[in-house]
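Chains: A, B, C, D and E, in written order; residue numbering restarts at 1 for each.
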Amino acid sequence: MTMKLKHKHSRKAGLPPGTLVHIGEKKSETVTISVYEYGEGQFQERTVSKPDEIAMTGEPTVRWVDVGGIHKMEVLESFGKMFSLHPLLLEDIANTDQRPKLDDYGSYGYVVLKMLYEGDREGDINVEQVSLVFGENFLLSFQENGGDVFQGVKERLRNGKGRLRHAGADYLLYALMDSIVDRYFVILETLGERIEALQDLCVRSPGPETLRDIHGLKRQLLFLRRSVWPLRDVMNNLSRSDGQFLQGSTKVFFRDVYDHIIQIGDTIETLREMVSSMMEVYLSSVSYRLNGVMKVLTIITTIFMPLSFIASIYGMNFEHMPELKSPWGYPAVLGVMAATGLAMLYFFKQKKWL
Amino acid sequence: MTMKLKHKHSRKAGLPPGTLVHIGEKKSETVTISVYEYGEGQFQERTVSKPDEIAMTGEPTVRWVDVGGIHKMEVLESFGKMFSLHPLLLEDIANTDQRPKLDDYGSYGYVVLKMLYEGDREGDINVEQVSLVFGENFLLSFQENGGDVFQGVKERLRNGKGRLRHAGADYLLYALMDSIVDRYFVILETLGERIEALQDLCVRSPGPETLRDIHGLKRQLLFLRRSVWPLRDVMNNLSRSDGQFLQGSTKVFFRDVYDHIIQIGDTIETLREMVSSMMEVYLSSVSYRLNGVMKVLTIITTIFMPLSFIASIYGMNFEHMPELKSPWGYPAVLGVMAATGLAMLYFFKQKKWL
Amino acid sequence: MTMKLKHKHSRKAGLPPGTLVHIGEKKSETVTISVYEYGEGQFQERTVSKPDEIAMTGEPTVRWVDVGGIHKMEVLESFGKMFSLHPLLLEDIANTDQRPKLDDYGSYGYVVLKMLYEGDREGDINVEQVSLVFGENFLLSFQENGGDVFQGVKERLRNGKGRLRHAGADYLLYALMDSIVDRYFVILETLGERIEALQDLCVRSPGPETLRDIHGLKRQLLFLRRSVWPLRDVMNNLSRSDGQFLQGSTKVFFRDVYDHIIQIGDTIETLREMVSSMMEVYLSSVSYRLNGVMKVLTIITTIFMPLSFIASIYGMNFEHMPELKSPWGYPAVLGVMAATGLAMLYFFKQKKWL
Amino acid sequence: MTMKLKHKHSRKAGLPPGTLVHIGEKKSETVTISVYEYGEGQFQERTVSKPDEIAMTGEPTVRWVDVGGIHKMEVLESFGKMFSLHPLLLEDIANTDQRPKLDDYGSYGYVVLKMLYEGDREGDINVEQVSLVFGENFLLSFQENGGDVFQGVKERLRNGKGRLRHAGADYLLYALMDSIVDRYFVILETLGERIEALQDLCVRSPGPETLRDIHGLKRQLLFLRRSVWPLRDVMNNLSRSDGQFLQGSTKVFFRDVYDHIIQIGDTIETLREMVSSMMEVYLSSVSYRLNGVMKVLTIITTIFMPLSFIASIYGMNFEHMPELKSPWGYPAVLGVMAATGLAMLYFFKQKKWL
Amino acid sequence: MTMKLKHKHSRKAGLPPGTLVHIGEKKSETVTISVYEYGEGQFQERTVSKPDEIAMTGEPTVRWVDVGGIHKMEVLESFGKMFSLHPLLLEDIANTDQRPKLDDYGSYGYVVLKMLYEGDREGDINVEQVSLVFGENFLLSFQENGGDVFQGVKERLRNGKGRLRHAGADYLLYALMDSIVDRYFVILETLGERIEALQDLCVRSPGPETLRDIHGLKRQLLFLRRSVWPLRDVMNNLSRSDGQFLQGSTKVFFRDVYDHIIQIGDTIETLREMVSSMMEVYLSSVSYRLNGVMKVLTIITTIFMPLSFIASIYGMNFEHMPELKSPWGYPAVLGVMAATGLAMLYFFKQKKWL
């Protein structure tokens, strides 16, 4: 989904609550389901085509099911039955218009957040909704289409490096959220560079398309803030809650992500103020140019009007104009004109209009 | 009521509190009263013409009385007696100028909220006040005129599909509020489309009526925020309260509506910022056009003033002007004029004024 | 007091605290004191000329003393002695520059609020301070001059209709405050109408006096907000407090007034935003007119400058100008001029400048 | 200190904390120390030249030491030893750049606040820091130079009128703070008058110095807010605290000063909004004048350009121009010119440009 | 690091959390490690080249290790092992993009803050991150390069003056933070002077580079606020916490630094409002100049257009123009022109356009 304001809820208006309708653009045709089962000394990776094939065999410490594609309602419903999820939760997964939040359903928790990545066209920021359902020893992740945002985490699981394989589902939850939040810094960096480029343009050659770009940036930042800021509460709750699945030692990691979110929020505010300033610079620059145009107009008018007036006096057809008869009349008038013109130029230099 | 600011309280100033005066425009002539009685295995639907005819017979799990038209004071007073409602509550039902709120009257609760739908003229948003009184096993709903906002809920009751018939009055309360809130998304979608259309207009051909439209939108969004935002507290209280009529399993549904309200509030803020930006674009667009006009003016003046001055020199009537006698004078002067004009055009190209 | 910012505290600077100085404009010459004593089956109304004449005889359920005129310090001091009021409270009554507040003095409470009514000149809003001291079974009300704001309440007391005579001093407190708050709706309605009238004027014929009117409205709304908004806390405290004089059944009435205050505050904010928008419309309207003037200027200049230039060419006095000899020269030049002019008019039509 | 932003902390950067350096302008050469000892039946007033001379003899109920001049570090250190004050407190007294605050040091309290008075030049507001240290039965007051702000309190002490001599050090604290806060009203009144005078000027004859005055006022109000607003918390804490030196009966007086601070804060906000409006009026007034100038320019151009064009046509030297031969040609052309000019004037009247 | 917005997190995106990557510009080549061990009667100062050489011998009351240079990851890891620090803490030290914060890790605390100092070019403000880890009897300080900000503290330690050597690690923590915060006042003073210089420039000769400077200042103030404001919470927590390393007597010192932070925040807000006002002055000044230019244009046009028109009338070639024959025609016309010109000059004087 590129950054447009779409409210597809209207498609749902009138249906009973809990009715599963995929709200959002269909992004991939197929649904991919990957299962990762791991514990202290074990690791297994499978790809299945239907939820039913996730045979609940073995006794892994953690089972992570990563689902790409949420438009097939029957798949969601299968998951709902298998993990006994609340109908409203399934509805939230299918509706990609959610704002980031954390819901506590007693025996499992639910986190929605937004994954951001740069689009194909320059300046585009694409957004994808990621839903995470986490419980005692399992974690379900739902992406709109199976992107590569979790590649790093999967790689670490395969290699068995770091803390990941030795820790529980709560640490996996942290690792996934951290990898999404780290992406935000990349997006902000890109935006910062575009803002600096635009600032130069504003001073050098402001035009209507500059204005359009400024407002585009403004809107993107507004959108970003909406996507990121609610995460603050989510991370704050995760780093403080005494839920049954969250171990004390993991909380310090959630607090670290919380700090990142605060930092991202600060940067977004700074960028927003920079964009507002840019608007001022733009308007001031346009107005400065108008001033320049006016000065040229004034100078031309001021220099040539008196000169033309002098010429028009001697263009009058009176019979008794003694100057016209004099042989020095013509050069004298030309001299007066030159003197007048030079005096005015000097005057403008004084006024700093040239 | 179309979106105007009307304060009809003045009609009441001076009367003792609790005096029933219908504040608001009378919308329908007749009062329609529909009664729905249902339980696990039963469902009955009746239409009565007077409150007295709601015979309190049978033992339904839930009794829902849907009233269309609140201008007949004697009808409201009959309800007041029958269900022993507080006089201030009746006054609130009759006054359609309420802001959304939840009042707890001990043995029953009272919710006011605003129903929004598009009006006949394009761009109009009509608003209607809906009052909901809910108790142990009954729910009274009062609409200004018996619209079709609750048709979906009634249909579900008749079909017996979904959870509705098996749940209590609190779930019915949720279903009714949810159907009203779902409408808000439709309204926001329409507004979003109008804003995008107006944004194009702002850049292409801004005029005074564009400005009027922008301010109309601004006002509508302001009005919307006032109608929607207080609902946040209402839903929050409903999803947290430990009232006697609200079952724990229903609270999660109210929380879902709460999330919707937050989302709607976010969207309204976004639209408001977009409208503010649009104002800036409008002003900047007007100013850019002024700039363009000024440039044309300057170019014309700058090109023709010196040329006219040259012509006026040779229009002087001095006797001793040797150039006038020369056969090459005329073409030479024309050549000088052409050269001057072309030099200026080149200068403007350089300055990017053309 | 018409709406001016007057700080007459300076008259007091340096005096010991508790010194009674009437701060405010003297409004009426005489002080009127009306006493209303009533209970379940009784009602008595008297007018006395001195506080001492309020003989504390009989055993009424409630004794209400309504005082009009607060500029006679000896009268206030008599009341202070008779009801053993705190010196600071008397000082607050005499100082009409108070902001609305509720003070709890243990054995009695003190409420200050502002009564608003339209002045004689159109657009004027007058403000009068009302002080209410309420205890176990008495209520003292102090107005700046004995206006008719409490006429409705007095009438209801005389008629014995409604709940008033059967209830305690706390209900009387509610009735008085409610009658004052109801007036605010009337004021807001008037302001709303003036704003709509001014909005039309802004678009049709903006002038400097329009600007002055806008700023007048802005200031009045600012003043209104200051007068009304602190009442929110007052009503909130009254509807929640567990003071000894406030019965549980009266609290629901204070909550109703609280809702009204919130609604009034909302409306004031809406009106303020409308006035801000109006400022924008005004500026934009002025700027649009400037644009219109510029276009006319440009068109005239652009059409006549080239034409005059052509004419001035053939006004030159060169001896060898073959065109001048030709019999078709004159009509040909006129034709060229007409063609040039028409071409330009067509160009402007294209540019939508006409 | 006149109202400039001075940060003299830099003089201290690098020194160990608690090093006494007088930060602020030296205002008086000498240090004056006045001692007031009083109780129920007694009052004694002395002036000493060194802190050591405050012999702790007798048993007064309250001992107040008023110190004028804080630049002599050895004097402050003597006080520090005599009353065993914390080094940081002495540092705060010597540093006149403090913001108002209340510090609780266990066996004594410390209040800093700002005394404001009008300066010699019109529009100047001078500020002086006042430090108050109060304990069981003593109060130390430190002013930058021994001004007359406490004259009223001293007079009341001498006369023995009012509550002052019968009450403790906490009431003296109240009396001193009240006399300082009362001065704020005088300053606000002056500012209000200057704002109204400037508003007139803005409409009548706006110039660059008007703008400078507006920004001067803006800055003064900003400064005032910073000086006054933190006092709110100070007074709030004093009126609520259960410190050992504050008696319950004095708290109601602190609450009264608290109300005054709130009122002053309200007025400052109102004045700030008025100054912001003034800025708008200024800009609009300048822009309105630009409009007026443009109209004159347009009218002159529009009237004379066509007339000059007509004249230039008949200034052409074609041989075959039949009009030139006609005896009625000249008056006819003059007539056409007059008609054209009048038609245009009529057109401008229609457009309301004249 | 000069004041640019750099988000180097992207370098880290994808790596497992806790991976040490130095984020920030490398500032010094070598890492300097100084060890200070002191107690009541002892003081020892050493410089080591590797963390391992900090032999944990002797029993000093306090051991302070000051590290300059944080880009060598192996050094940080050595410290991590020696003092058993959490991996996330090491990551925070290495990442110089932190916002000020206080983290409690149980057996030790962690404070990050920003050191500010003026750069080489005028107007530059450099920022350096300082990390402080403090425990029972040790304190580790990490600077980006071993600057001289702590010279004053080190000198006091060597001299044994003041409280420093007799107090614990918590007082050392205070002393270091106080020396950093004192620097902020110097920076603010410099900024204040630059703002005042720019304000003059805005009125005297506003140009595009003035605008750039204003926005530069705006951004620096924004940056400063971000660097300073979060310290408020840090100091507030330190002055209130009941951690095991903080003694009650030290808290009053942290409260003093807290007051300084509040004061700095106030000053930043004041400077920000001054910069905003400056923007208004700039725009108004530019607009005022445009007005001046327009007036000159109008006056020239208004004076010479009618005069040229008169001249062009008598330049017409009609045969029957009696004025042309008259000997007084020429001087009469010149007289009329002079009279017209003077009348207009008088008119402009009236209108105050000259």
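Couple of notes before you dig in:
We adopt the following convention: contacts are C-beta pairs under 8 Å (C-beta built on N, C-alpha and C of every residue); 3 or more make two chains touch, one makes a residue touch a chain.
Remember, predicted model here, so these are calculated numbers, not experimental data.
Minimum number of contact steps separating chain B from chain D: 2.
The minimum number of touch steps separating chain A from chain D is 2.
One inter-chain figure worth recording: chain A and chain C are separated by 43 Å, centre to centre, where each centre is the mean of the chain's CA atoms.
Per-chain Cα centroids separate chain A from chain E by 27 Å. The residues of chain B that reach two or more other chains are 287, 290, 294, 297, 301, 305, 308, 312, 315-317, 321, listed in rising order. Contact topology of the protein chains: cyclic, one closed ring where each chain has exactly two touching partners. Interface residues of chain B, counted against chain C in their complex, comprise 5, 7, 9-10, 12-18, 86, 88, 97-99, 101, 103, 105, 205, 208, 211-212, 215, 218-219, 222-223, 226, 279, 282-283, 286-287, 289-290, 293-294, 296-297, 300-301, 304-305, 307-308, 311-312, 314-317, 321, 323-327, 329-330, 333-334.
Looking at the complex, you find that chain E touches chain D at residues 152, 156, 161-164, 174-175, 178-179, 182-183, 185-186, 188-189, 192, 203, 252-253, 255-256, 259-260, 262-263, 266-267, 270-271, 273-274, 277, 280-281, 284-285, 287-288, 290-291, 294-295, 297-298, 301-302, 305-306, 308-309, 312-313, 315-321, 352-353.
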